[in-house]
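Across the two complexes that follow, chain A remains constant while its partner is chain B and subsequently chain C.
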Partner chain A sequence: MPSPTRTPIPILLLSLFLLLSFSSAARAADWTDTVKFSGWLDSDIRHTLDDTRGADGEGYAFQMNRNAVKLRLDIFPADNVRAVLETRMIFYGFSNAGTVDDITHRERIDPYHVQLDEAYLHAREVGWEGLDIKVGRMIQNWGKVDMFNPTDNLNGRDLSDPLDFTAKMPNQMVEIDLYPADWVSFNLVWIPVFKPTQLPDSADFAFAVDYDGNGCFSSAPAAPLSPSVNRELEGVIKKNLPAKDFEALLANNGIQASDEDLETLRSVFQVDKHYRDFCRLNFLPPEVRTVTPSLTMRNSMAAAKVNFSVSDFEFSLSYFYGRHTFPVAYDAVAEISDDPEEWYTFDKYSIDKSKVDPAKLNVKYVAETLYPRVHVAGFDFSYTSEYVADIGFTGEMAVYFPEKTIFALRAYQDGEKLLERSGVNVPKTPFVKGVFGMDYTWTSWLYTNLMYARGMFDEFNDRYGIHNYIVPMVGLTFLDSELKIQVSGAFTPDDLSAFVYPQLTWIPHPSVELIWGAMVNIGDTELGDPYDYASRSRFGHRTAGRNVGFMKARVTW
Partner chain B sequence: MAVHVRTIVLIFASLLLFVSAAPAQDAPKAPDAKLDGNQILKKMDEVQNGYDDIYYEGPMTVVKENGDKKSYGMTTTQKGGMRLVRFTTGEVKGMAILAKSRNKVWIYMPGYKKSRRVAPHAMKQSFGGSDFSNDDISSVAWTDIWEATLEKEDDKLYYLNCKPKPGAEASYASLKIQVAKKSFLQMRTDYYDDKGRYVKYWINSEHKDWPGGFNAASLLEIGDPNTGHKTFIKINEFKINQGLKDRYFSRKQLEWGR
Partner chain C sequence: MKHSHSRTVGFFLLFSLLLALAGCWESSGLDRLEDLYPSAGDSDAADGDLDAPEAEMEFEAVQAETLAGRWAMLMTLNSTINPVIDPWPMLLENLFLVDIPEDQSEMRLVACQQFADVDGIGDLGVIEYSDETIQKISETPLTIPLACDADSPERCTEPVMPQKVLWHWGLHVEDMDDPENDRLPEKKDDPLVWDQDEDGHAGVTVHVLSPLGYRYMVRRAIWNLGKGTLSEDRMWITGSMTFRVDQKSVDADRTLLLTDAPITAIDEGNVYQMRLLETKDQPIDGDLDFETDAESETADGDLDAEPDDVSDGDADAEAEAEAEPEAEPESEAAGRTFKEGEAVDYKYTCERLIREYKQLFDNAPLPAEEK
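Up next, the complex of A and B:
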C-alpha cells in the first residue's frame, strides 16, 4: 500500500471551493457551455494470492482496500481558452493507528491523501490560428503505441499501483504547439524542474537483506558490479566473522560425517575450512539515497516533436533532453564494525541505533543513486490500411544517448579501507528501445493485440541490461458489450519470466463497471546468481510485487 | 481499449447517414413524375448533405430482446464528409471520434489521453450492443454504392429498390428505401442479404420543424426484424449552418475536449 501522507486539507477545500464557485458562476451564464464536470468513483479490494513474494511473515492478506474519487473540471472561460483541474482523493482503508493516541486522530485511523493530477491552462490560436500554448501541471502522452512508449520520457512514472503500470507523474511544463498545415504539426515542451518516478512498494526488495529460518543473515543485495567483486565484498565481511568448526557444527546437529563426506558437504555448502557463523552477522537494512538534480536552469528538460500525416501513414520524429526518471546506482559504501560505539564516531551516515547489535558484527550499507542525463532521438508511426489485411500497425523506436555512470564500491572496517572497486554501470554507448505492434479484430466479439517491446520503462542499459518482451492481449466481448473478458500479459524470453493479467468486466448499467481479475507473476523470486546483479528475473523477482486477486467497482460521470 | 474503439467507431459510423434534414421553408417541390430511381436517390443525398454544417445531440438507446435498455449521450457535428462525435455519458464518456473521410478516422481515448487512427477492420465490426454496423455507413452518399429503380409510388412516398453498383463493395444484396415525395427525406430502409432474407430495418420518424427553419426526423430506429433487438436515437437538439470552419474537424479539436 502506498504510504499515505497527511491530507493537505487546504487543497481539498480549495478543490471543492473551486468546483462550487466555478459551477455557481457558470450556472449564472450557461453552465454546460463553460464548465464540464466529470470524474469517477473507484472502489478497489485486493488480496494476495501467494505467500512467497512478500517479506517474511506477511502471509496471505488484504493488500488493498482503497476508495478513490477523481474530480475533473474542464473550464472554458472564453473561446479558445480552457483550464483543466483534475484532483484525486484516495482513502486507503487500512488503519495506521498503533497507539491509543493514534486512535484519537481520524487521519491515522482512516488515512487518505489528495493529489493534483493535472492543473493547466490551454490557450488556442494565440496570435496566430496555428499556435497553441499550454502551461501548468500536466501529463504528456507521446508515442503512437498504447502503453509502452520509448519515445515518451517527459513525465516520470507513477508506479504506486502495480496494476496501473502505465500511470505517470504529473509535472509542471510549458508546451507550445504549432499547426502550420493539416499534415504537419510541432510540439515543443519545456520542463523547468525534474521530477522522478514514484516506485512501487515492492521496489524495496531490490535492496532487501534476506535471513534464514533461524533469523540469521542469508544474503545481501548484489551491487551492480561483476559477480566476482560481489563475492569479494562478501569475503571481506565473512573473514571478520567468527569461525566455527564445520565438523563440530555437524556433530552438534547429530550428523556424523567421514572426511570424504565433510569435503563433499563443504563443497555443497561452499564453506571453507572454518564455517562462518552468519548468525553473528547483523547486516543493517541497506540505506539507498537518491541524488536529486539541483534546481538550476541547466537541469531543466526539453523536448520537441514533429508529427506528419501522409495518407494512411502517420509518423513523428522527436528529441528529448533530460534525465532518466528511475534511479541508477553509482556509489555504495559498506562499513563493518564489531564495536558499534567506535563505529558511530566516524560513521557519517545516519544510523538507527535500535538496529545495532553490540554482540554481533554490524554492517551498514549505504548506496547512492542518481538520475543520469540522457538524449533521446525518437521515431514512431502508425499505419492502417485496408490494403494490408486490415491490420493496424504501430511502432516506436528511440535511440538513447545516456550519460556514463560508474558505480564505485568501498568497504571500511573501523575507518580502514578494506576494499575499493568500481565499474561501468551505464556505458556511454547509445542503446535502442523499441516497440512494434499489430492489432486485429477478428469478429464482433474477438479482438487481439500483439506487441514486441525491447526495453521497459525502467530499463536504462545499466548492468541489468535491456530486455525483450512479447506482450499479447486477447479481448472478448459478450452480451451486447455488457460482459468483457480480457487476458493480457507479458513474457520475456531473456529470463523466462512472465505476468498474466486476466480481467472480467461486467457493465450492468452504462457508467457502472464491476471488474474481477488477478495479476500473477511467474518466474524465479530470487536472483539466479546471488552475486550477479543482472540475474534478477524480470517478473519473477519480488520487486515485481505480490500476486493479487482483485475486485473493483467504478462509476463514471 | 479495443472494445471501446469498436464501440465508438460503430456508434459514430451509424450516425453518419442517419440524420437527414430538409429545409422546412425551401423543401423541394412536389416531384416531377419523370424522375427515375437514381435521380430520386441523388436528391435524397442532396437533402441529407445540403447544409454547411450540422450539429445534433441526443441519447442512443439500445433495447435488447428482453426489453432491457441502456443509453449513452452523444453529440455529433458534421460538415460535408467530416464528422466529430463525442460521448457525454456512461463508461465511454469523454471518448470522441473524428472522421475526416470514410477511411481516415481517429479516436480519442481519455484513458490514454491520446488519439489514434482507427484501423479499417475496426470500422467493419458491428457495434456491440447496438444494431448499427459500419457497413451501414459505407458511404455518406448513397449514390456512391447503390443504383436505384423506382418500384412504385403513392401520394407520399417513392419506393426504391436498390442494388449495388457494379464493383461497389456492399454488405447487403439489396435495399428497399422509402423516400418522402415532398421533402426527399429518407423515411424507411429495409435490408436484405444475398439469400433474400430480410435482416434489418431503419426508420426515421417524428419529423419536426427545428429552430432555424428546417424539418428533420427526431427519432431514428434501427433494428433486427427477426429478434426484436433495436436501437433508437432520440435527437433533442438540432442546429445547422453555424459557420464551422474546416479546421474544426481536426485532431487538435478532437483532443480539445469541449
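Up next, the complex of A and C:
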C-alpha cells in the first residue's frame, strides 16, 4: 500500500470551492455555463487468490479495501480559455495504527492519500486561430492503439494499482498545438523536469533474497551480467562460509575418493575454512537506489508529433527525446564481512544494524539504477475499412535509439576489492517496439479485439530483452447492455506466461457499475536459471504481483 | 496549403537533426563505481580488469603497408573452473605466433603457451604444460581465413571476419562426425583419442599441481571470433570473442585426477590482440624496441635487465643470444609458411614471446566494444 501523504483535505476542498466561486463570479449569469463538474466514486475490495507470489508467510488476505473519489472541474472563465483541475482522494481502509499513540490519530487509523492528476490551463487561438497552448500538469495520450503505445513516452506510468496498468504519472509540461489545415495538425511538448514511473509494490521482489525451508540463504537476485559471472560472484561469497559435511558434498558430486584422496582433498581445499554452510550467511536486505537526472535544462524532455487525417485513414509521425521512465540496472556492490564496522563502503549506504548478525558472515548488496536517455521515432495509424467487413485496424511502431548503459559489479571483503566485472546492459543498437491490432464487432452483443505487441512499457532492450505479446479481448453484452462480460489478457510465447483478466459488470442504473473479476497470472514463479537475469517469467514471477479477486462499485457523474 | 507544407518540411528537418545526435551517449557503471568507491591502492591483479591504467611505454617498431609478416597474438579469456565442487575464476591467456603470407588470404596460428591463472585455494586446480607438450601441439597449427580483398590488400582494415574456430588437443577430429559438438571420448583406448604429444600416454599430458599428479586429457576449444580491426598505425589487430571449452580426462596417474574440471566461459571481456613483430623486409633485430620511462635511464649497458626487457644495445643482443640457445629449431617449427616459395625466415620465436608478452601487450589497444 502506498504510504499516505498528509495533504490536508480541507485545503483541497477549499481550493475547489474558491475555483467554483471565482468562475461563477466571473460569469455571473449562470455559473453552470462556465463550469463542468465530473468525476466518479469508486469502492474496491480485493482478496488474494494465491499464496505463491507474495512474501513468505504472507498467506491469503484482503489486499485492498479502497475508497476513491475523483473530482474534475473544467472551468471556462472566458472564451477560448479552459482551466482543468482533476484530483483524486483515496482512503485505503487498512489501519496503520500499531501503538496506543497511533490510535489517537485519525490519519493512522484511517490513512488516506490525495493526488492531483491534472491541473492546467488551455488557451485556444493564441495570436492565431490555429494555435493552442496548454501549460501545467498534464497526462498525454499519444498513439492510436488501445493501451499499449510504444510512441507514447511523455508521462511515466502509474503502476501503483496492478489492475489499472494503463494509468500514467502526471507531469508539468508546456504543449503547443498547431492546426494549419483540416488534414494536418502538430503537437509540440516540452517537459522541463523528468519524472519516473511509479512501480507496484511487487517490484521489490525483483531484488528479493530467497531462503530455504530452514531459513537459510538460498539465492540472491542475479545481476544483469552473464550467468557465469553471477556464479562467480556467488563463489566469491561462498568461499568465506564455514564448513559443511565435505564427504557428503563429494558424494553428491559423484566423486568416490579413497581415504587417502579424501585427506588430500581436505588438505588442499582447506575444508574447515571453506566448506560452507549457507545457514551461516546473513544476506542483508539489498538496497536499491535510483540515480535521478539533475534539474538542468539538459535533462528536459521534448516531443513533437504531426497528425494526418485522410478520409478514414489517420496516421501520425512522432519524435521524442527524453528518458526511459523505468529504472535500468546500472551498478552494484557486494561487500562481505564478519565485522560490518570494517566495511569499506560502510559510509556509502544505510545499514539497519539490527539486521547485522556478528556471528555470521554478513553480506550487504547495494545496487543503483538509472533512467537511460533515448530518442524515439514513431509512426501510428488507425483505419476502419468499409471494404473489409468494417474491421478496424490500428498500429504503432517506434524505433528507440537508446543510451548505451554498461552495468558494473564489484565485490569487496573487509575493504579489499575481490572482483570487478562489467558488461553492456543496454546496447546502443536501435531497437523497435510495435503494436498491431484489429477489432471487430460481430453482433450487437459480441465485440473482439486482438493485438500483437513487441515490447511492454517497461522493456528497454536491457539484458531482459524485448518480448512478444499476444493480447486478446472478448466483450459480450446482454440485457440492453445492462450486463457485460469481458475477458482480456496477454500471453507471451517467449516464456509461455500469461495473465487473464475476466470481469463481469452489472449496470443496474445508468452511471452505476458493479464489477466482479479477477486478475490471474500464469507462469513459472521460480527463475529458470537463478543466475540468469533474463530467465524471469514475465507474468509468472512474483514481480508481476499476486493473483487477486475483486469487487468494485462505481458511480460516475 | 503551401504554407503548411513548409511547416511540415521544417518539422522533419528538426526531427532529422535531433536523430543525428543519437548514439553519442553512454552511462558506464564502471565509471560510476570508480566515483563512488575509488580504487586507489587496490590491487587489480585479481579482478581481471582489462581497462586498468597502462604503464607508460613507447613502441618504435616496424611499419608495414600490408599485413604480411609475423605477429604475436594474445587471447585473454575469462572463465571459471570447477576443480571439484565450486567454480573459481580463471583467466586463460593463449599465446600464439601468427604468420600472414603476402597475399593476406589467411593467417596461421602456432601455439606458444597457455597460461591459466586460477583464483582459488592454493594451487588447487592449477595446471602446467611441459615444453614438449606445447611443442607437439604447435606442430598442428591453426589456419584462419582473412577478409582482405586480394585486389587491394592494402585497404584491409578489418582483416579478421567474425567466424568460428575449432582448436582441439589429443583428438582425431577427422574421425568425428561433428567435431564441434560430438561427445568427447572418455576412455583412453577410444580410437578418437590421439597421443598428440607422443609421450606414450593418451591425449595430451597435463601436469596438475594440486592434487599433484598427471592428467591425460582431450580438449576442444571453440572460439567465436568477432570482427578484428586494424589500428591506424597498422601495428595492432584487435577484436572481441566468446568461447567454449570442453575437456575430458581419459586417464590419470591417480584416480582422483580422473574427475573432470569443467571450464565455463564468461561472456564479457574476452579479447584477442595481435601485435606486428616483423616483416619479410624488416627483420626483427634492431626494429622492435621497448623503452619504458624507468628503463630509459639505464638503457645503455643494462646487463641486469629483466628477461622482459629488450633493447637495441649490443649487451641485449648478447643477452638474447645467450638466452636463446635453442632458438633455431623453434624458429623452424614456428616459421613454417603456407605455400611453397613463400618461406620467410622470421626470427621472432615462441620462447622470446613467452618472455616478453607481458610487456609487449601492456599497452595494447582494446577492441572498441570493450572500451
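Odds and ends about this structure:
One rule holds for everything that comes next: the second predicted complex is superposed on the first by the 503 of 557 C-alpha atoms of A that agree within 3 Å, B and C clash if a C-alpha of one lies under 4 Å from a C-alpha of the other, contacts with A are read in each partner's own complex, and residues count from 1 in each chain.
Just so we're on the same page, a contact is a pair of C-beta atoms (placed from the backbone, for glycine too) under 8 Å apart; a residue touches a chain by one contact, two chains touch by 3 or more.
Since the structure is predicted, the reported quantities are computational estimates derived from the model, not experimental observations.
Look at A:Arg298: by the touch rule set out above, it reaches neither chain B nor chain C.
Of the two partner chains, neither chain B nor chain C is touched by A:Lys353. Once the two complexes are laid over each other on the shared chain, residue contacts for A:Thr405 go to chain C alone; chain B is not touched. Residue contacts after overlaying the shared chain place A:Ser226 against chain C, while chain B stays out of touching range. More residues of chain A are in touch with C than with the other of chain B and chain C. Of the two partner chains, chain B is the only one that A:Ser511 touches; chain C does not reach it.
Look at A:Asp261: by the touch rule set out above, it reaches chain C but stays clear of chain B. Taken together, the two complexes place no residue of chain A in contact with both chain B and chain C. Listing the residues of chain A that touch chain C in their complex gives 178, 180-181, 184, 186, 225-226, 228-229, 231-232, 235, 238-239, 249-250, 253, 255, 257-258, 261, 264-265, 268-270, 274-276, 291, 304, 306, 317, 319, 321, 330-331, 333, 344-345, 348, 368, 370, 372-373, 375, 377, 401-410, 412, 416-425, 428, 430.
Residues of chain B that touch chain A in their complex: 1-3, 6-7, 62, 64, 70-72, 89-91, 93-94, 103, 112-114, 116-122, 124-126, 128-130, 247, 250, 252, 256-258. The touching residues of chain C, when paired with chain A in their complex, are 1, 3-4, 7-8, 11, 14-15, 18-19, 21-23, 25-30, 32-33, 36-37, 39, 42-44, 46-49, 79-80, 84-89, 121-124, 210-211, 254-256, 259, 264-269, 369. By the touch criterion stated above, chain A contacts chain B in their complex at residues 36, 38, 74, 76, 82, 122, 124, 129, 132, 139, 141, 144, 146, 166, 177, 179, 182, 185, 312, 314, 382, 384-386, 390-392, 394, 439-441, 443-445, 447, 449, 473, 475, 477, 480-482, 484, 507, 509-513, 554, 556-557.
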